[in-house]
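One chain, subunit A, appears in both complexes that follow, with subunit B as partner in the first and subunit C in the second.
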Partner chain A sequence: MGRARLLSIARQGSGLRIRFDKLGIVIALLVAYGALGASFAVLKPNRIVQGEAKMILAALPAWAGWGLIVVLFLAAAASLFRTSSWLKLVAAFAALVTLALAIGSAASFLAPAGNTYARVSPASGFWLLLFAFMLLAADAITRLRPPPWMRVLFLVLTAGGVGAILLSGSWNGLSIMKEYAGRADVFWSEAGQHVRLALGSLIVAAAAGLPLGILCHRVAALRAGVLNTLNLIQTIPSIALFGILIGPLAWIAATVPGAAEIGIRGIGTAPAFVALFLYSLLPAVANTVVGLAGVPREANEAARGIGMTDRQRLFQIEFPMALPVILTGIRIVLVQNIGLATIAALIGGGGFGVFVFQGIGQTAMDLVLLGAVPTVALAFAAAVILDALIEMNSRVLIGARSA
Partner chain B sequence: MRAWLPTILRGLLLLVLIAFLVTPGSFEPLLRPLVQPNAPAIYNQGSLLALTLLHLRTVFIATLVATVIAVLLAILVTRSFGAEFLQLSRSLVNIGQTFPPVAVLALAVPAVGFGEKPTLIALFLYGLLPIFENTLTGLTNLPRSVMEAARGAGMTDFQRLLQIELPLSLPVIVAGIRLSMVISLSTATIGSTVAAKTLGEVIIAGLQSNNLAFILQGGLIVGALAVLIYDGLSAAEAMLTRRAGST
Partner chain C sequence: MIEIEAVTKLYDDVAVVDNVSMVIEPRTVTVVVGTSGSGKTTLLRMINRLVEPSSGAIRLDGEDNRSIPGHELRRRIGYAIQGHGLFPHRTVAENIATVPGLLGWEKSRIAAKVEELLTLFQLDPKMFGSRYPHELSGGQQQRVGVARALAAEPNVLLMDEPFGALDPIIRAKAQDDLLAIQKHFGTTIVLVTHDMDEAFYLADKIAVMDKGRVLQYGPPAELVRAPAAPFVETLIGDAERPFRLLSAAKIGAAVEPGEADGEPIGEDGTQQEALADLLWSGRKALPVVSASGAPMGRVTLDALLKCAARPQ
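The block that comes next holds the complex of A and B.
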C-alpha cells in the first residue's frame, strides 16, 4: 500500500510523463493486427465452399475503408492512455457501431449484383476487432461500476442498436441474414421453443427446488442424501440424459392414459424438458440450502423472541435474507439451461440447436452462426439481468441491516 | 464399519467399470432387454475401452493446459503489476461462462477443422473458468498474519509466491481442477457431434439408431468416470488441506 502510494507520487513528480494503460496496449495491438494484418470479410461463390478473404480496403469502397480505419485507430488511441472510463466507453461504442455498419456495406460492395448464390461473411479480422472493442467496453464498464439499473440500460441500448440495424436492412447482404431470410418462420418458432424449454424448466425446477431446499434445511437427515443424488445426476452427460429419458417417457406415453394427449412423447419436447429440469434441480436446491444456512442465528432468535411462528419466520426473515443466494442459483440454472437447450435439437426437441446441428451437418458455418449467435446473446442478456436483480436484492438487504 | 461403506462402494464401481470395459460381452444379458430383438446390445462400432481412453486423454490434455494457463493468469492478476486486470478478468470469466458449449464447438470448427481439436478448445475454455476462479479465491484469501511473517522474514516476492502462497492455496486450486474435470468429462461427449473420438460416439450412435442400450452404456461409463475422478481429487484435496494445516 505504502509502496504503491510512493510510486504514484513519484510518477506525478516526474511531470508530464504520459501514462499508458496496460490493457490499452493489448487492445491497440489487437486493433492494429485486426485492421491491417487480417482479412475483414470473406466472399464465397456459394454457401458451403471456401471463400476469398478480403482486407478492409478491398472489402469496402475507398472512402469507407479509410474512414473505418481512422475511426478504429482513434478509438484504439483512446484506449491507450489513462483517461476517463466514460471516454473509453464512448470510443468503444463508436467503434462497434462503425464496425457493424461497415460489415453490412462490405456485403453489398463485395457481392456481385444479381448473384443470389454469392455469400459474404465476416472474417477473422472483423471478429478480432469486435473482440478488442468489446474488451474495451467491458473494461470501461467494469471500472465505472455502474449501478444495476444502468447495466440493464446498457443492455437495452445495445439490444435496441442491434435491432435497429437489423430492421434497417443494412445487414441483409450478409450470409447469416440470407440463411435467416430462407427460414424466418422456422427461426421464430425455434426461438420460442428454445425460450419455452429454458424458462419453463427453470420455473418448474424453482417450484420444486425451493420447497425441497427448505425441507433439506429443516431436516438435516435428508440433506446429504438429496444433494448427493442431485450431484450424481450432474455427472451424466447431457446428450446421454436426454437420450436415457426417451425410453421411460415413451413407456409413459404408451401406458398412462391421457399422457400422450398432453404432449408426453418419447422424443421431442418432453425428454428435453425433463432433462433440463433434472439438471436445474441441483443449483436450485443447493443454493436454497446454502442461503438459508447463511441466515444469522441472531435474526432467527430475535424473530422467535417476538413470537413469530415458523411460517412467519420463513417468509418474513429467512427467505428474504437468503434471496440473493437463491437468485444466484436461479442465474446459474437459467444461463446453463439456455446453453443446454441447444442439445435438445439432437432428440427432436427443437430450439436454436436445430440450426447449429443442421449447419454442422451441411458444413454451412453461417447456419451454425444463425443458431449460435442468438443463443449466446440470450444467455448473456439473462446473465446481465439476473446479476442486476441479485445486486439490487443484496443492496436492499445491506440497507435494511445497517438501518 | 459404516465409514468404510463409501470406499467399498467406490471400489466396486471401479471394478465393475473395468470389467465392463475389458469384457463388455459378459454384460450383454443385462442390456439385452433394452433393445429391439435383432439390434446389438453392446456397442459394436469400435472398442469401448479405446474410446474411453481417448475420452480420458482429451479431458486430461484440456484440463492440464487449462490448469497451467488459469493458475498463471490468476498469479499475474494478483501481483501488483497485473492488479488493474483483476476486475476485468473477473468480468471476462463471467461473460465466458455464458457461451454454450455447443456454440463454442461449432464455431471452432471453421478455424481448426473437425475432430479432436475443436473439442480440446471448448474443453479448455470451460476448464479455465472454475480453476481461475478458485485460484483467485485461494490467492486473495491467505491469512494476513502468515503473509506478514513471510515479509518480515525477508522473503522476496517470488519466494513468497512459491513457498507460501501457492502451497497454501493448493487445496482450493485442486477443488477447482476437480470441478473443471467433471464438467469436461460430460462436455467431451458433445465433441462427438463434430467427429471427436469420445464416448459421445456411443451415445450418438444410440440416438441415431434408437438404441437405448448404447445411450445407457455411453452415459453410465462417463458418469462412473466422473464419480471416480471426483472422489479421487476430493481425497487429494483433503490430504492437501491436512498437510497445509499441519505446517
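The block that comes next holds the complex of A and C.
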C-alpha cells in the first residue's frame, strides 16, 4: 500500500476520532506531573536551610487542594483538544489565577502561626504548572493573532491582576515577599536604578546610533569599519567589558576636572552605563543601516525626482519606511539591556542584580528570585509593548512588500 | 521651450551623453528612443538636474536650469518613472499631494487638486484617495504616478519608460490617457522609451539616440522618409516602414470630400487604424466624422496606400 494511501486513511481516521492538539498533549502531561508527581511548595524553618517539600494536598486545606486540582485538570483538558483558542486562553488564565491564589494560601496554611523565621516558597511542581499554563496562554494568543492594541491590553490586564494580588496581601506569606518586606525601600530604589540603566543607555544609544546608522548608510566607506568594530564589542563578555572599562573610567575620573563630580568613577554606575551603551550601539546602528537599505530604490528616486531635499527625503521617505526595522533594533536593545543591567551590580552599578548576587552569596534562593522575577517581568513587558509598536508601524509596509 | 545646448555627460571619461543639442517646442510630445544604455535616461535626468552635465547648458523658457537650486527646479518639473515610484507608506491622496505640500500650498487648494487629478485619471477620489499604493492595480498605480507628477501644474513633464511595466492593453489605454491629459493641460512632455510603436504613437518629434549621440531628431514621418543613419533605419524596421508612416499620421490629413457607407471613423484616429478597418471590413472607403460627430467626408483605401508609399 502506498504511503499517500496510508496517509489518507490516517486522515480519514482522525476525522472520525476526537482531534488532539499536539502541544496540548505536552501541556497536559506537564500539568499531570506538576500537580500529582511533584511538590507544590517548600516549607523551610528559616531562609537558608533545606526545606520540606509538600504536595498540593499537603500544602493546602483539603477543599482548596482538591479545588485546585479540579481547576488544573479542567484547564489541561481544554488544552488537549482542538477547540477554540479563546476557550484555551480563558482556561489558561483561570488556571494561572487559581495557581497564584493557591500558592499564597499555601504560604499561610503551611507556616506555623507566629513563627517569623519559617519560610514557604513555591516548589518545582508550582513552577512546572506555571510554565505549562503560560505556554498554553502564549500558544492561544499566537493563534488568535490579536491586533497590537489587544496584546498590550492583555499585558495591562496581567499586570493589573498581579498588582491586585500583591496589594491584597495574599502573597505576603511567601518567602519572596518576606525578602521584599525586609528591604522594600532598597527594592524600589534598585528598581529605579535598573530602569535608569536599561532605558538611559538605550536612549543614549539611540541618540548616537541612529545618526551613526544614517551616516553609514550614506557613506558606504564607513559602513564596514563601523559595523565590524561594533560587532567586535558585542563579542566581549559582559563581565570582561565591565572590567575593561574600570581602568579608563577611573583614569578619567582622576584626571579630567569635573568628571568625578558628575559621577564618573571606575566602578559604579558609569562603567555599567557605558558598557550597556556600547552593547546597544550595534543593534541600533545595524538596524538603521539595514532599514534604510531596504527602502525601495524607486521611492528614493521618485522623492529626489519630484524635488525633495536630502533632509526631506530622509525624514519623510527613508526614515518612516525604515522605522519598523529600526524599532526591531530598539526592541533587541531594550530587552537585552534589561537583562544585562543585572550584571551591573557586580561592579557596584546597582539594579535588580544586587538581590541576585546577594542571594547567591547568602545561598538564599528567595532573594535571588526577588531580583530575577522583576527583571524577567520587565523584559517581557518591554518585548510585548515594542512588538505591538513595530506591528502598528509595519502594517502598510508589509502589505506593500507582499503586493 | 527646452533648449539643450551641446550637453555632454562623462562617467569615468566615457561620454554617456555626447554633445547633444536639441530644441523641444512647448506643448509638444518629444520621445527619446534608443537601445538600452544609449544614454536616454541620463539625458532626461540632466533636464531636471538629477544628473549634472559635464559640459553644455540646458535652458527652460530661456532660463538656465542652474539658476535655481536643483530641488526647487525639480518641484516645477513633473517627473514620472517606470514602476511608478509611489511612496508605499503614503496613501494615494498623500502621494499626489507631495509636491504641492513641498511648495506650501494651502490645504484646501491641495485637496481640490488631488480630487481634480483623481477624477481626471478616472479614479473615484472617495474610493481611491485613502488607499495605499499596494492596494491598486499596476495600471492604477501608474496613473497615480503621473497624477503625482502633474500635481503642481508643471509646464514640463519628464517620463522615463512610464509604461514599461504595463501589459499591452493597459499600456494602450495609458498612452491614450496621456495624450488627452497633454491636450488638457498643454504640458510639454519628454518621454523616454525603447518601444518604437509607442514612440510613433505618441511623438510630435522623435530623438533617436545611440551611444550617447542623438542620430536624428525630427517628426516621425521624417525618420521613415529620410533616416539619417543606418541605425535609425534598423530601429524603424524595413517591414514596418509603411505602417509607421500611417501610425504617425492622423486620419484627418487623408480626408477627401465624398460619401461612404458603414460605421464612420473619428478624424483623430491614426491612418493605420483606418487602414486596418478598411482591410478587415473589405470596403474601399470609410466615412469620417469630427470629434463632435459632424460628417467630414471619407477616407479611401487608395488615399491611404499613397500615404504609406515611400515619399518622393
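FYI, the second predicted complex is superposed on the first by the 379 of 403 C-alpha atoms of A that agree within 3 Å, B and C clash if a C-alpha of one lies under 4 Å from a C-alpha of the other, contacts with A are read in each partner's own complex, and residues count from 1 in each chain.
Keep in mind that, in the parts below, a contact is a pair of C-beta atoms (placed from the backbone, for glycine too) under 8 Å apart; a residue touches a chain by one contact, two chains touch by 3 or more.
From a predicted model like this one, the values you see are computed outputs, not experimental measurements.
Shared-chain residue A:Leu370: touches no atom of subunit B or subunit C. After overlaying the two complexes on the shared chain, residue contacts for A:Ala138 are found with subunit B alone; subunit C is out of touch.
Legend: residue contacts after superposition of the two complexes on their common chain; A:Lys22 is shown touching subunit B, with no touch to subunit C. Between subunit B and subunit C, it is B that contacts the larger number of residues in subunit A. Within the superposed three-chain model, A:Glu298 lies in touch with subunit C and out of touch with subunit B [touch as defined at top]. In the superposed model, A:Ile338 makes contact with subunit B only, not with subunit C.
In the overlay built on the shared chain, the residue A:Gln234 is in contact with subunit B alone; subunit C does not reach it.
Contact with neither subunit B nor subunit C is seen for A:Ile176 once the two complexes are overlaid on the shared chain. For the contact definition in use here, the subunit B contact set and the subunit C contact set of subunit A share no residue.
The touching residues of subunit A, counted against subunit B in their complex, run 3-4, 21-23, 135, 138-139, 141-143, 232, 234-241, 243-244, 246-247, 335, 338-340, 342-343, 346-347, 353, 356-357, 359-360, 365, 368-369, 371-372, 375-376, 379-380, 382-383, 387.
Those residues of subunit A that touch subunit C in the shared complex are 296, 298-299, 301-309, 312, 317, 320-321, 396-397, 399-400, 402-403. Interface residues of subunit B facing subunit A in the complex, by the touch rule stated above, are 34, 80, 82, 84-85, 87-88, 90-92, 94-95, 97-103, 106-107, 109-110, 182, 185-190, 193-194, 199-200, 203-204, 206-207, 210, 212, 215-216, 218-220, 222-223, 226-227, 230. The part of subunit C that touches subunit A in the complex is made up of residues 48, 50, 71-76, 78-79, 81, 83-89, 98-99, 102, 132-135, 145, 148-149.
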